[in-house]
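Next come two complexes, and both contain chain A; in the first it sits with chain B, in the second with chain C.
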Partner chain A sequence: MRSNSSPAKTRPTPWDALVVAAVVLLGALTALLFYGPKAHADAPLTCVVSVGGQVADAAPLASFSGEHTYSHNGYTLTVFVHDGQVEVLHSDCPGQDCVRSGAISRAGQSLVCLPAQVVIHLEGAVDGPDVIVG
Partner chain B sequence: MKRALSLAAALALVLSLTACGAPKKAETSLFAMDTYMTLVAYGDGADEALTESARAINELEQLLSRTREDSDVWRINHGGGKVSSETVQLLARALAFSDETGGAFDITVAPLVDLWAINSDHPHVPSQAEIDALLPLVGSEHVSFGARESAAPGSYDVAYVDEGCAIDLGGIAKGYASDAVKEIFAAHGVKSGTVSLGGNVYVCGMRPDGKPWNVAVQDPQGDGYACILSLSDTFVVTSGGYQRFFTAEDGTVYQHIIDPATGAPARSDLLSVTVICPDGTRADAYSTALYVMGEEAAVGFWRLQQDDPFEAVLITADGRLVCTPGLTDHFTKQEGASYEIQFLSR
Partner chain C sequence: MKFSVKKLALCAILAALALGLSTLESLFPVSLAVPLPGVKLGLANIVTVFALYVLGPVEALAILVTRCLLGGLFSGTATALVFSLLGGLCAMGVMILLQRSRRLSVYGVSIGGAAAHNAGQILAAVITLGNTMVVGYLPFLLAVALATGSLTGFVVSLLLRATAHLHLNNQSDNR
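So, the complex of A and B:
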């Protein structure tokens, strides 16, 4: 091993420091992008309604107030959006599970009518659970 | 020039790390087994894993449905005959669960489910005489299965029930399906994902950010959550009578889970039971059984399972949330839920 005969050439310069800083900054931003929070706590809820596997409506909950009617497989549901929550007001399906499920108001929650194949899902806010059991 | 090249190389390195940190996400949903299912998977094999999982679930429904006239279960309930070895294996497990739980879980309760018809258009409250007439048809002794020699070399599986009896594998079919999805995920190298088959959940590995999955247990008395469980690589199954029920003309509420001992909807002092264990089929059977047992017997049953322990969350009708001690470090109380939290001791 020989020592370098011109040490002045290997001494870090301000440009080198700039490159290091840029790389560190990019690394931090990347980590934040992929491992940091994905949404803001005040992110609005979005109400997504799927009918027969196709999205029929997707709108911010706050601007989706009122009654909405969906029909599929010979059944008709009336969905009522009010005061930040969603419920199935009426359905002519057998079983009435969708009506009895009550209101939903949190991200990740769903109302499902199996006979009509209608799914009402709330999404959008941060810190919600990954999956709901019950 | 060297500085520019260094900067470009560094950028390329950072971008390659970006690719590592954002595993590919795929998701699908389907209606099957009388419920709505959602599956999410991360990783290179995610798309293929979900496609194969959906196909497997549909195939299992075709085998295990009680209402499809081409299913194994239909064949068993209508004279018996040749069935798949998969159906026989599940039958064997179902009968073993019935034995373990003292009959609290029983697939032969089907005639009484039909009698009450709680999930149908026309639920009704039968007379005690009607119930008494069907109770003798309930019990594992009415189910037979095994291998039969065929004319050609080899054998095939057969299964049948005694006359008038019927089976319904709905109490474990979704759990069995979730076990199948777990195997498919593993075969495709999926190490992160969630599977929700109605009240049956499987959480695969950790979240992409390396943290455990947050599994919310539905509050049976409200629209929120009773608690959050931080879990990985396990199955979580909830049973309860709070979603499927009917109200009789006199105002009495009848929930849909039939107690095989009485032939009537279980009069449980529990609102819901959530079972957590690494076997989806077992978790499914146990959640139903513990609900039927009620709190005292359920806790006693849990204490007896020393060799193959499981975890559970019991929500009682008198406002308590009873947890097994293995959940202590995985449990987060939900604000707004008013349950008194109690942890059991072994």
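So, the complex of A and C:
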């Protein structure tokens, strides 16, 4: 049942190019999927604000600068966007966690105000791996 | 599957060699030259491909699993074990299939194996991190796999030519 009865080919054959082509194709496909025009990698950083679970604002950070106010559950938040950063300037909620969170500027970061049910999330460029093992 | 004494000894030697090679290459991190974390030369794969050709799929698989388990034991990290085992098993499966096709040379088989190894490791990363974003890292690893796979193929082709007169698989041939 041994399959190596015939001598092994030790010089490259034209068929090897098929394997190379398959690997290149797989790489190109995943690259296109993750870094292609459709992927968010090239998309600018987008600020998504959801109030009470519904998206209230979604705009590229660059064209979103200035002060914005959001009211929900009887609380009002003042969000300030400037120089590629987002921060909650003022809130009349009891906890003030959102104000103390400071400014966010990178994709994946978010500011949350639980009492007012306001979530500010930055979306955009693909995050690098958090950790590489092995 | 019966292992003759000669074959068992050969498997043990090859497993030890693979373990030594993977320890050796961890002393020379290629990631310093290529700025990609996790990139390896895959020297231990030379042993796997060589065993696949000279001994057969079952023996090569036994050597691979032994190497991964002992390597995981020595490094003491369960994550490293998962990564090397998943990568290694993917590579093994693809190489066994590719080797069955008589048209491919050692080069095609080892390049396919190297690529499958990286795909397996990405799979392990997706499982451990629970995040599919790491798949975006695959194209870079595949590009490296083309180079390391060719290197492995080159070394194995030299080894096969050099050991052809030894008839390492002589005793175990059932025919």
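By our rule, the second predicted complex is superposed on the first by the 85 of 134 C-alpha atoms of A that agree within 3 Å, B and C clash if a C-alpha of one lies under 4 Å from a C-alpha of the other, contacts with A are read in each partner's own complex, and residues count from 1 in each chain.
Throughout what follows, a residue touches a chain if its C-beta (ideal position, glycine included) is under 8 Å from a C-beta of that chain, and two chains touch if they have at least 3 such contacts.
In this text, all values refer to a predicted model and were calculated from it rather than measured experimentally.
Of the two partner chains, chain B is the only one touched by A:94; chain C is not. Look at A:110: by the touch rule set out above, it reaches chain B but stays clear of chain C.
When both complexes are overlaid on chain A, the residue A:102 reaches chain B alone and has no touch with chain C. In the superposed model, A:62 lies in contact with neither chain B nor chain C.
Of the two partner chains placed by the overlay, only chain C lies in contact with A:12; chain B stays clear of it. Once the two complexes are overlaid on the shared chain, A:85 sits against chain B while remaining clear of chain C.
Contacts of A:21 after superposition on the shared chain: neither chain B nor chain C is touched. Chain A uses residues 15-16, 19, 22-23, 26-27, 30-31, 33-35, 129-134 to touch chain B in one structure and chain C in the other. By the touch criterion given at the top, residues 1-13, 15-16, 18-20, 22-24, 26-28, 30-31, 33-35, 41, 126-127, 129-134 of chain A touch chain C in their complex.
Per the touch definition, chain B reaches chain A in the complex via residues 3, 6-7, 10-11, 13-14, 17-18, 21-22, 29, 31, 34-36, 119-121, 194, 196, 199-201, 203, 207, 209-210, 213-220, 222-225, 228, 236-238, 240, 243-245, 272, 274. Within the complex, the chain A residues that touch chain B are 15-16, 19, 22-23, 26-27, 30-31, 33-35, 50, 53, 85, 94-95, 97, 100-106, 108-110, 112, 114, 117, 119, 128-134. Of all residues in chain C, only 37-38, 53-54, 56-57, 77, 79-80, 83-84, 98-109, 111-112, 115, 119, 121, 125, 128-129, 131, 133-139, 142-143, 145-146, 153, 156-157, 160-161, 164, 169, 172-175 touch chain A in the complex they form.
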